[in-house]
Amino acid sequence: MKYFENVKKIKYEGSKSLDPYTFKYYNAEEIIMGKPMKEHLKFSMAYWHTMTGGGTDPFGSATMIRPWDEDATGMERAKIRVKVAFEFMEKIGLEYFCFHDADIAPQGATLEETNKNLDEIVDLIEVEMKRTKIKLLWGTTNAFTHPRFVNGASTSPNADVFAYAAAQVKKAIEITHRLGGAGYVFWGGREGYETLLNTDMKFELENLARLLKMAVDYAKEIDFDVQFYIEPKPKEPTKHQYDFDSATVVSFLRANNLDNHFKLNIETNHATLAMHTMQHELRFAADNDMLGSVDANQGDLLLGWDTDQFPTNIYNAVLTMYEILRAGGLTTGGLNFDAKVRRPSFTKEDLLIAHIVGMDTYAAGLRIAANLLEDGVFEDNLKQRYRSYDSGIGKKIVNNEVGFKELETYILNRKEIEANESGKQELLESILNQYIIG
Amino acid sequence: MKYFENVKKIKYEGSKSLDPYTFKYYNAEEIIMGKPMKEHLKFSMAYWHTMTGGGTDPFGSATMIRPWDEDATGMERAKIRVKVAFEFMEKIGLEYFCFHDADIAPQGATLEETNKNLDEIVDLIEVEMKRTKIKLLWGTTNAFTHPRFVNGASTSPNADVFAYAAAQVKKAIEITHRLGGAGYVFWGGREGYETLLNTDMKFELENLARLLKMAVDYAKEIDFDVQFYIEPKPKEPTKHQYDFDSATVVSFLRANNLDNHFKLNIETNHATLAMHTMQHELRFAADNDMLGSVDANQGDLLLGWDTDQFPTNIYNAVLTMYEILRAGGLTTGGLNFDAKVRRPSFTKEDLLIAHIVGMDTYAAGLRIAANLLEDGVFEDNLKQRYRSYDSGIGKKIVNNEVGFKELETYILNRKEIEANESGKQELLESILNQYIIG
Amino acid sequence: MKYFENVKKIKYEGSKSLDPYTFKYYNAEEIIMGKPMKEHLKFSMAYWHTMTGGGTDPFGSATMIRPWDEDATGMERAKIRVKVAFEFMEKIGLEYFCFHDADIAPQGATLEETNKNLDEIVDLIEVEMKRTKIKLLWGTTNAFTHPRFVNGASTSPNADVFAYAAAQVKKAIEITHRLGGAGYVFWGGREGYETLLNTDMKFELENLARLLKMAVDYAKEIDFDVQFYIEPKPKEPTKHQYDFDSATVVSFLRANNLDNHFKLNIETNHATLAMHTMQHELRFAADNDMLGSVDANQGDLLLGWDTDQFPTNIYNAVLTMYEILRAGGLTTGGLNFDAKVRRPSFTKEDLLIAHIVGMDTYAAGLRIAANLLEDGVFEDNLKQRYRSYDSGIGKKIVNNEVGFKELETYILNRKEIEANESGKQELLESILNQYIIG
Amino acid sequence: MKYFENVKKIKYEGSKSLDPYTFKYYNAEEIIMGKPMKEHLKFSMAYWHTMTGGGTDPFGSATMIRPWDEDATGMERAKIRVKVAFEFMEKIGLEYFCFHDADIAPQGATLEETNKNLDEIVDLIEVEMKRTKIKLLWGTTNAFTHPRFVNGASTSPNADVFAYAAAQVKKAIEITHRLGGAGYVFWGGREGYETLLNTDMKFELENLARLLKMAVDYAKEIDFDVQFYIEPKPKEPTKHQYDFDSATVVSFLRANNLDNHFKLNIETNHATLAMHTMQHELRFAADNDMLGSVDANQGDLLLGWDTDQFPTNIYNAVLTMYEILRAGGLTTGGLNFDAKVRRPSFTKEDLLIAHIVGMDTYAAGLRIAANLLEDGVFEDNLKQRYRSYDSGIGKKIVNNEVGFKELETYILNRKEIEANESGKQELLESILNQYIIG
């Protein structure tokens, strides 16, 4: 049984197309800067939002109409969902997906039973992956929804909970390995605190590092050459999430000698919840050789929570792709739609359209970013702007050849220092608009 | 002496132009929906930011290089600035300007002297206006910078300060009248409080209303058919500004029977400081017949203060122009660039470029908004979405023909209520992108 | 069967008590400003949080351990909960409660069945109320959780949904009437929008007013002398809630001639989500004769969503009680704990303790506020601060005896205006601290 | 000539005192946990706010009435201010002060002249310090106000500006050395960016590190055993400040091998601008052995900019002092009032009162924090809460004796994991209130 059979495979028809079930900007095989679009973008479906998200919010129950969920429950439903997921991805041309263990199979009464359920579903996923050539971008564990994780997983004050989380991560890594996943993500879930009044932050962070080290050791042990990622987020569900932002995570990884094993999976909505632009978070990660993968969504900057909207803002898409191109591209990573249709967009058609607009937005963003780079718009300006460090006193500073005394002498000997130049922000924003609006 | 003589009058050269001193989208005489662009947009220069703004911020002194300010002080400088202002507006094709009394002439030791200064400068402005056909969009009073207004102007606990503000507004209205200004704006300045511990809010709001009534009476007395505006802002400089947002101001005006004499001057950056989209504030005002004029700028939604940036965001420009077109256009109002160049954009060339990008952004926004309206993109969807109120029980509700009992009976008699329909947010955002990116 | 039998009735033991199951500040019968504490405070249990809240959040399932929920489902569970609710309220000395229809009884397959369920439970509640003398502070309807309200209730684009909401409100008003409720609250639920792109805000607000008018008419029809309330909230669950803040709601009520029938139910956490202090919202309501009732909780100002924490901040409690005392007290209203224990506070003991700390905080706040008022701390300062309006030009302003001309003449004739006086904020905050810290 | 001669030296008179010019809680010599209050607290006057702050804001000119500024300008005024500063500190019992170079002496036409001015004033300060025994807590440089720093100081794209900043820091370090300063602070000023479109963040951060290394080298060279500090701030004046928060700064210092030479100077208002509690920032610093000194002020969490208010919130003071005591106290650091009187608090009396309330608030906070610690309120709870790591599987985890396999086996072999315990947040907040309200 097919659930999207009335829709043809989504095709590129160009920016004038009036048909919602077509791509306006995403032309998978089109070559941009020497590579097909689809290799630049590596779009991924988030199993949780797209296959299991019901549309609940703190004040409302599920609204999503998912015909495939109506005929079965438990393992049967989980199996139907696998079929639907691959049908959906094929229809839309998504070549990657991501999942938490808990997304794909129901939890059993014991870990043993849960793992059995997982194995059964993973068998099915494997078949579908072979059939469709769709790949696993990364796997992960849900160690935050179940009440046992009420006080955190690896940062729980309850050692048994740490142990449980470890066992769960072990299994999720094994599954990811089996399915040939390129990466494995740690999103902080409830690794954080509600109040410092009852929290030993130092100890909890040490335990967080312990779990990550075990993961590194275990991957090595099973010869799994995986790229680990941490996904920063500043708050929600906890009042303070330990993986606050890129800078915090890089610091934590370095302090624990984990930086060689981890990169960052950066989410747009988490960046802005931390009061950073997405461009900042990407740039910071890239500057520290830590740019790994991207959770492509967007938030509402006038709201204070994680709205996980499908990405439609072209500025964000352009600057995201600009930073990715500038960093030489994502290698193991991709663009995962950690995004959910709005609660009132409850039809299965909305699911398709939301992914199409997400893909179109980043495709348009890629084209524009490539144009900007090929024309050297920002690079030429940078060269000009920092040229005082290419020679003279500037070069000496950069070469660490001078200290305070030399610099004081230099200044005391000059009648006037070199004049500053305009930052030209309005001009640069104007040019950016020309590239976007056309 | 001319300060922009090395720059030609800014002309429209289309979206491919590489010359910063050209319009890419603003084509003043181009007809959009039956009217030339320039009549839709009515761009205005803000005298304060453009002629007197120095680039200070809470941590820094002035950075702006304004050659015309270097040769003179006091009244002489004020006179030079008038010349420069009109040269600048002519060069760029700005047909309107706005000013506070304090922007154009130095304050004297007494109100008498200040008024004398004002008269002398107004003479000069009048000559320039005749020469250039440039018009005054609106005038206003600065009753917040001087230390006498430390505790507010009309809401000061000091009755003499109320009196002083009244005298100052009187003069500013006279000047606006003399210069043929179409409007007069009240921006709340320090009409608000720092702490409720020392504030009688009710009394202060009554005094605020008193001053506005005096203004209405006085305009009538001098036969000045002016459109008064209030400009909402939620905070800054005070902790709480009384004119918080559109809803608050509309409420205040109605409660004081002032709503027939006032409309709103809505500023983009103030809208977002109040956690509203600009579209919301415009829509609310239009729905209440209160949409008057627009302060066209933009804020940084990741910052918490009024950055007054030149508007470059195309989404905002499209939706602003969409709301304005939908409301039948601004009549007495226009688009005033209450925007300042960034502190590091300190050259006079940046001033030109910033206004160009602002005008281009709204021009592109106008074209796109007109296309959206002419194609009925959102209107057709609305008709469809609310059609259940066109007949049956919906029509009865709208016609106030039913109450709780009839509606209960109606529901109890139905097996199932009409199914809801998707809100289609992602689809609408996708179509909006097609109109923008092209 | 009793669920709190191991706990004695909570008693006042004073501020040194080390027993968590005692009041440290709340001494119900103690006379403050001529009235027992309990009449000033009128604490109310929120049925939804306390009896039905499970501790779910957007990333987690229920954590609360509620032994009484374990043995039954459906109507049986609903009945047990009634018993538990009254046992709990008795134990703790809560004399009021509030509920949504959906809190007390399961929804049936039809409205008829739902109403039947409600009637059965209301019978039981009535018995318990008689037995215990516990009263209903206000009733309300949940018209936001069910998927039918996905696009709003009275503001839904689906007329059938309006009708359904009307029928539901009708029943809830009847129940409230039957139980002798003093008030009935409208909290906006999903009366708002996700995006203006698909919303006719004007029409939706008209429909919102229509429903409220029907409610007023129906209460009159059944001779129910109830106080209606609207509870402002700026956002969440929708992107924009129509009942944004006190000023917006007062404006809406007046525009629709509903202001004589409604007051405000002001929630602390909603105030701060709207970027107002609670004191501001209370003051604004009181100044407009609209202060009705209070939802006593608190938010985390560093987070951006409605955390509904139990109130423990003493500053907020003092200033809330100060505004209430200053306004002459709440008449029909009270202090309803619209607050939930933190998700990790999942034991039934936490439920008790959370209510105790909430009651203690407001009790301490009441005492301190009464001391401040009796000593005239802020009032004396206000009299002094605004004294310039008691005579001379100030009096003329207040009496509307002068206009711009007279005020200009007044200023021109004065050599110097009256000097301003310090706002003394630091001094007032210092004194406030003395009253709090002791 | 004395400016505070009508006020007696401020003395401790206890919490019932009605005299504003007395301490209610600060009793300098009172022994708390084995040390006099004044050694715990080491209050410091901020020269910039208290001696040079005029009360300007982005919309207003100076309001502060400072009689000592009226009779002189330039160097003469600078000298008078030194006298006033020490008179003020003596009167109030402040034993420390902090300053930027630019606070104490006017800038000359050249660096040489500026340095000469500095030397002359430093001579005078030295005399006053000897006379009064008042000490320098830390010195710093203002490398952000002057237009030359428009694009940053050490992160400027202009190498000459880097050189100038270096020369200026050199001098400021020398002055600090000469005056026996215990510390030297780097606050980021304009070390950040307005837009990434024109910024090479990586290069700018390298240059920032270069300057800090030069400072370390130079201090060594002149045998100045100083404690360097960085003061985190997330934004303002720039859109993004590089020293975002404690985590970011610790990361930066470690990446550049500067962590042995620097600690953090943490400011309350900067913590909350970064969306952290002050307690979090202090705890994070202490956990990383980086807690150095504190800028004691407070922000308004409903506003989005740095308000630098005098600290009056008792919760913040208690938790700040709790973290400091828990960390073993500040060694080289102290509590510097980086706070300004509100703009309407413009009298010299307000200056006194503001410092008194600041000192009283932290004194009360110290007493309460000491009581909490001595009673082991939070510590006992922590021990209990984390006890599962003291033995069994928890101990093995902490001792790094187990990995994923052992933990999986452990879980698979257990029927049920250890139950979680309540986080008891409401109870802890309740107890905290008892200690505060008394």
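Note that the chains take the letters A, B, C and D in the order they are written out, and that residue 1 is the start of every chain.
Note that a contact is a pair of C-beta atoms (placed from the backbone, for glycine too) under 8 Å apart; a residue touches a chain by one contact, two chains touch by 3 or more.
Source: prediction; values computed, not measured.
Engineer: Return the chains common to the contact lists of chain C and chain D.
Structural biologist: A, B
Engineer: Report same or different for the chain A and chain B interface, where same means the shared residue numbers exceed half of all residue numbers found there.
Structural biologist: Since more than half of the residue numbers are used by both chains, the interface counts as same.
Engineer: Report the inter-centroid distance (CA atoms only) between chain B and chain D in whole Å.
Structural biologist: Computed from C-alpha means, the inter-chain centre distance equals 40 Å.
Engineer: Please compute the C-alpha centroid of chain A, do the same for chain D, then give the distance between them in whole Å.
Structural biologist: Taking the average C-alpha coordinate of chain A and of chain D, the gap between them is 36 Å.
Engineer: Where in chain C do residues touch two or more of the other chains?
Structural biologist: Residues 147, 150-151, 194-195, 235, 275-277, 302, 342, 344, 346, 420, 423-425, 429, 432 of chain C each touch two or more of the other chains.
Engineer: Which residues of chain C touch chain B once you look at their complex with the stated criterion?
Structural biologist: Residues in contact with chain B: 110-112, 147-148, 150-151, 156-164, 166-167, 169-171, 194-198, 200-203, 205, 207, 210, 214-215, 217-218, 234-235, 240, 244-245, 247-248, 250-252, 254-255, 274-277, 279-280, 283-284, 287, 319, 378, 381-382, 385-386, 388-389, 392-394, 397-398, 400, 403-405, 407-408, 410-412, 414, 417-418, 420-421, 423-425, 428-429, 432.
Engineer: Write out the stretch or stretches of chain A touching chain B in their complex.
Structural biologist: 15-16, 20, 24-25, 272, 275-277, 301-302, 310, 312-315, 341-342, 344-347, 349-350, 353-354, 356-357, 360-361, 364, 420, 422-427, 429-430, 432-434, 436-438
Engineer: Quick check: in the complex, which residue numbers of chain B touch chain D?
Structural biologist: Answer in residue numbers: 55-63, 144-147, 149-151, 189-190, 194-195, 235-237, 239, 273, 300, 302-306, 342-344, 346.
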